[in-house]
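Chain nomenclature is as follows: A, B, C and D, assigned in order of appearance, with residue numbering initiated at 1 for each chain independently.
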Amino acid sequence: MVEITDVVCSLCGCVCDDIVVEVEDNKVTKVKKGACSVGKSKLMGHGRIESPAIRDNGTLKNCSYDDAIKKAAEILAAARRPLLYGWSSTVCEADKVGVELAEEIGAVIDNTASVCHGPSVLAIQDVGLPSCTLGQVKNRADLVIYWGANPAAAHANHMKRYSYISKGYWTEEGKKNKKLVVVDVRRTATAKMADVFLQIEQGKDYLVFSALRAMLLGYEDVVPEEVGGISKKDLLETVRMMKEAKFGMIFFGMGATHTRGRHNNVVNAIQTTRAAHTHTKFSIMPMRGHYNVAGINQVCTWETGFPFAVDLSRGYAWYNPGETSSTDLLVRRECDAALFIATDPGAHFPGESIRHLSKIPVIQIDPFPNPTTEFADVVIPCAISGVEAEGNVYRMDNIPIRLRKLVDTEYMADEEIMKGILEEVRAIKEKEGE
Amino acid sequence: MVEGELLIRNGVVYDPINGVNGEKKDISIRDGKVVEEVTNPKVIDAEGRVVMPGGVDIHSHIAGGKVNAGRLFRPEDGRKGRETKTKVCRAQSGYSVPNTFATGYRYAKMGYTFVMEAAMPPLAARHTHEEMVDIPILDNAAMPLIDNNWMTMEYVKSGDTDLLAAYIAWMIKATKGYGVKVVNPGGTEAWAWAKNCDINDAVPYFDVTPAEIVKGLAEATEKFEMPHSIHVHGNMLGHPGNFETTLATYDLVKGIKPYRNRPTMHATHTQFHSYGGTSWRDFESKAGAIADYVNKNEHLSIDLGSIILGDTTTMTADGPMEYSLYQITGRKWTNHDVELETGSGITPFLYSGKSPVNTIQWAIGQELALLVKDPWKLALTTDHPNAGPFIGYPIIISMLMSKRRRDESAEDMHKVIFDRAEYSSIDREYDLNEIAIITRGMAAKTLGLHEHGKGHLGVGADGDVAIYDISPEERDAGKIQKAFLNTKYTIKGGEVVVKDGEVVATPAGRTIFVTPECDDKLTEEMMVKLKDKFDHYYSVTFNNYPVQDAYLPNPYEIKAPWRS
Amino acid sequence: MGTKVNLISGRTIVQGQNLDNKLSEEYFNEVATCELNKADMERLGVAADGHVKVKTSFGEVVVKAKEKGGTPEGIIFIPMGPWANALVSGNTHGAGMPQYKGIDAEIEKTEEEMLHVKDLMKTYMK
Amino acid sequence: MQTIRLKLKEEITSGDAKIPIEVDSLTPDKLFGKNEAEIKAVKVWWGNREENTGDLFDVSVEGEAGTVEEVKIVMEGNLSRVKHIGDGMKAGEIEAIGDVDMHCGAMMGGGRVTVKGNADCWAGREMHGGELVIEGDAGDNLCAMYRGEMTGMSGGKVTVGGDAGECVGQYMAGGEILIKGNTNILTGLNMKGGKITIEGDAIMPGADMTGGEITVKGKVLDMMPSFKFVETTTVEGEEYKKYLGDLAMTEKKAKGVLYVR
């Protein structure tokens, strides 16, 4: 038995890196410390895709890695509007090959931000993002606001490691001298811990932010008695708390991005932060979901200039979410082939998208069987990043951390698989050129 | 580096480090290095053309968290510089914040082969390295920010210079960095509470002043045989009247002895620090006062931070400064404070010749170059992209070489240029040798890279050569500008990477890093304090902090022994 | 037909624990569910674990009802996953993001069986 | 007068995948002076490959044009996956018969585009002159900016016969938009100049506006809570409440005018 410390979790955007595990017979046998129940479940592992496979007459037939990679390359090289999607639950090293492949075949490369914090990216492109690293929050924040976010369910270690419950330099008593405000449609587990819970009407976030902004800037007289289901009195109390804080922090989640207003809700959340900043230190951060969704946004940006939904069909980057984003491409039936890596559109895309996917060739690269496997035409199993493969990832606050390899595997790593496909595609193109 | 022989024949060579000033001379390269002679070379005919060593940029923001945050939040900048992929080149995007590939190609086209990334937040050092690996052609290095760090401030307060030295040694090693970068010392920590500091203000909670921090870091740096001095962006950048703070900052390190014959402080993007007046209304140039100080003292080097008119993306670890700028423009603003270490701010900015303030800023950058007498004391920069994108260097070169061009340009600027700046009264014109100094020789020497093959063409130097398509007699400013934007040839490590202004090969660059060698006992003592910081305040663990070797596929190490 | 409600979807702990385990019973039991307020349960006449059919203009699914305090009246919550996504809108309104929350839906009690994930996927392949 | 007819071939849109064709190379300015054979050879993007116009469209040319203004392009067939119709055009006329895809009339500087059907998102994006008429509905981001930019439509005139989507005229700086039906949320978002008239209803109009004028003749749903009521006034014989906003941008900047019934 070997004990491994400083293990980095490859589940959510918290990227906890102080986990201790035990490894015996090349298997993680125990998670001793540091991980939440979700992370623990991930580290302990689940049933795997056993072999590469190609669909033949409706059924998947096992094959070699070489054959699956060749088949994938053939599909992609022939496609006129291929989509390469996923990239958030794998390492940056694989993402880089993905961008290169997208350039090579004139594909659209998109990542899970598209259905997660893509609207936050659009918002940042409109107004910027006054933010900080999570350690700043841990050491300084005396007011934490979760807006449309339920870390108790989605980022279980977030409050303990970084925000409301954590202890730091100016916050050595933990939550004792902090205030927690939660804004949500439902009284969630997180909401139950709050000093102030603002139960907002579904879809009214935008209005509430504008009311807060007007109040923060001193125009409370124009604000009506109730906005989005919240009384003016409660709004004023929230504004008072914001002004009195030494270091205020807003974390927002899908409650803001998935609902009416989308990116503009986030614009308004950021504008609210800026308004609060005229009184005191205030920052804001999206609760990024996948452990490396921030990372693929980074890689895609430094390599193409744009963070997601990048259309390389003309040989240069055209970025236009709403047009070049996966949901639009699939619902509008634009794509004629798709590669999914480290993601599961079968579970997470709207049904309308899946309907189109069932009609075009689909390549899946993933360690685990999932709904996408049900319609994928080429299935390529891979090593689990952070357990069987190492590599760089970016935490939700864009801090880069290197995933560790804990056990050996015979599965190919994502980066190797992608390199294999890229090489095959180049070989096909060279032949065509002859 | 490429194997084989290359001969550059009959060029007019400007190699100021070796005292070669416009001599007709052959350059021989074998296996990537300059040699005495070659026997069976590939020949490039440079007859009548200007030949210089590969350019060396001492200060530019090309890689890392804030550069990429700049790209990410400016798709409108991204769509400006798009170029289709070719057989050799990846797709390009961006004007003021180009993608990594475009960064490499565009620098190489100007004849540059080394660029220093000027600000690496230690906690995010892996990010800087990941991007530098993706910048083709250029050799590079990065300077970690070590001035607003709690450890630094605590050691400065307690006066433990040796322990501070142990700390900076550990940090430079942990980040695979090059030297000590200072940005608004104390002020960025204060910004974590939405405050700022001037040079003699106490940093909130830490009870030290920026002046003490700068002095402490200079002393600690000189404990080692560091190739480069501390690299300082002082307090109050961009504020009217800041020249006094600037001069006071320069004075702080006057008595400190450098380990070798180089300055004890490099003061960067000096244009932003040379402001007179009490507000934007009576804002005026103090380039004269700054240049005067530089002329009279030997302990200091500067770079320009010269303005390029047009839209750009400003970015710095000086968080409060970016906030001030955003308050003026009301445009988008990103801020990213980094726990226990530093911060950063980013906001777009338009430098307009119609604005009196921008006009004076524009004048100041060039005035500094013209008023500092010894070109070995200054380097050409635009603090890319803060004062403008690096592809504007050829504009500045043509201005410095042509009084006529300056006079013509001044006519298009706001008329304050004639009463609140010295600009129009300066007649000096740079010659090509001086241009070679401020674009390669000085930077290489100041960074200590001339001892590692950069910035010159002596035997043993890297085979990095720029051949410009002009004759040494050329006086036409437009032609000069054009020639310096796109070389006839750029050669990197003996390989032709640019030909006739087109990128033809994209070899990977090397990352150069410094290893300060510190006494084990000191390190051990320092480590107790450092580990406590990780146990209680950092959000990553001690063992996950240092940059792993995997991030530097092409490393080049410079050892910096402890000075006995 | 059914009662008009507003549908939202989102993460849960057990859904997160089974992200790599989506073909399992645990995942099915957690994700093919619909959380409702007590009053809404009573109005529909559905008991805990009783089946309900949820319908939007984009699709319909049968899921298990679960009472959940804290859910306001008129709001139903289905954990993110294939069942919720059979109902959400793919119209991104020019922003790339489907509307996963705040969809007009109708809900009614049903005796119909729920579809397991593989069968649910098959409905897209027609 | 010259009429260039471009009819999209049926087989192009008959497959499972509806791959868009991008026709920014087929504007009157770019086709002026070309004969039929030359037009057929003009390249258009279809997915990741460039094709000859003649391979995708049936092309016919009638008449002669002495100036660009005399060139009229008529586009027919299933245009629902034809993007960038009239993108960047400066003069002449385009008539598109049927529903058209995204970016119709984007970056337009002059001339006239008529859509006899619906137009998808980003119609009139960053338009600065000319006239765009959409007889049916318009999608989202009509006359808005490109992501990250601070200026959307800055000149010209746009008329929509039916409804329009979200964020109509975002960052609009000049020109006129008339919507005969309803608009979805956030019409005139960040607007700083120009004029938008909505004959139907609007949801949360005028958010973050700092200039320009929005008139809503129908109902306003979810009125922004950060607007200041100024007075009741009469416009074209009808009584309106006049508001100034958006105060969430600070009072100094709140110079946008919103007329509500």
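Note that a contact is a pair of C-beta atoms (placed from the backbone, for glycine too) under 8 Å apart; a residue touches a chain by one contact, two chains touch by 3 or more.
Every value quoted in this text rests on a predicted model; they were computed, and no experiment measured them.
**Student:** Minimal path length between subunit A and subunit C through chains that touch?
**Tutor:** 1
**Student:** Please state whether A-B or C-D has more C-beta contact pairs across its interface.
**Tutor:** Between C-D and A-B, contacts are more numerous in A-B.
**Student:** Could you name the chain whose Cα mean is nearest to the mean of all protein Cα atoms here?
**Tutor:** Chain A is the most central one.
**Student:** Farthest chain from subunit B, going by the mean of C-alpha atoms per chain?
**Tutor:** Relative to subunit B, the chain whose C-alpha centre sits farthest away is C.
**Student:** Measuring from the mean C-alpha position of subunit B to the mean C-alpha position of subunit C, what distance in angstrom results?
**Tutor:** Whole-Å distance between the two chain centres: 56.
**Student:** Between subunit C and subunit D, tell me the centre distance in angstrom, where each centre is the average of that chain's C-alpha atoms.
**Tutor:** 38
**Student:** Please compute the C-alpha centroid of subunit A, do the same for subunit D, then give the distance between them in whole Å.
**Tutor:** Between these chains, centre-to-centre, one finds 33 Å.
**Student:** Counting only residues that touch at least two other chains, what does the list for subunit A look like?
**Tutor:** Residue numbers touching two or more other chains: 122, 125-126, 260, 312, 314, 319, 321-323.
**Student:** Indicate the residues of subunit B shared as contacts by at least two other chains.
**Tutor:** Within subunit B, the residues that touch at least two other chains are 73-75, 78-79.
**Student:** Please set out, as single numbers or ranges, the residues of subunit D touching at least two other chains.
**Tutor:** 121-122, 140-141, 146-148, 167
**Student:** What chain-chain pairs meet the touch criterion?
**Tutor:** Those chain pairs which touch are A-B, A-C, A-D, B-D, C-D.
**Student:** In the complex of these two chains, what residues of subunit B are touching subunit D?
**Tutor:** 73-79, 330-331
**Student:** Can you list the residues on subunit A that touch subunit B in the complex?
**Tutor:** Per the stated touch rule, the residues are 5-6, 8, 17-18, 92, 96, 100, 103, 121, 124-136, 138-140, 161-162, 167-170, 246-247, 274, 277, 280-281, 283, 297-299, 301-307, 312, 314-317, 319, 390, 392, 394, 398-402.
**Student:** Within the complex, which stretch of subunit D touches subunit C?
**Tutor:** 121-122, 139-141, 165-167, 184
**Student:** Contact residues on subunit D for subunit B in the complex?
**Tutor:** 146-150, 253
**Student:** Give the list of subunit D residues in touch with subunit A in this complex.
**Tutor:** Per the stated touch rule, the residues are 15-20, 45-49, 81, 102, 121-122, 140-141, 146-148, 167, 185-186, 189, 204, 207-208, 222, 224-229, 246-248, 250-251.
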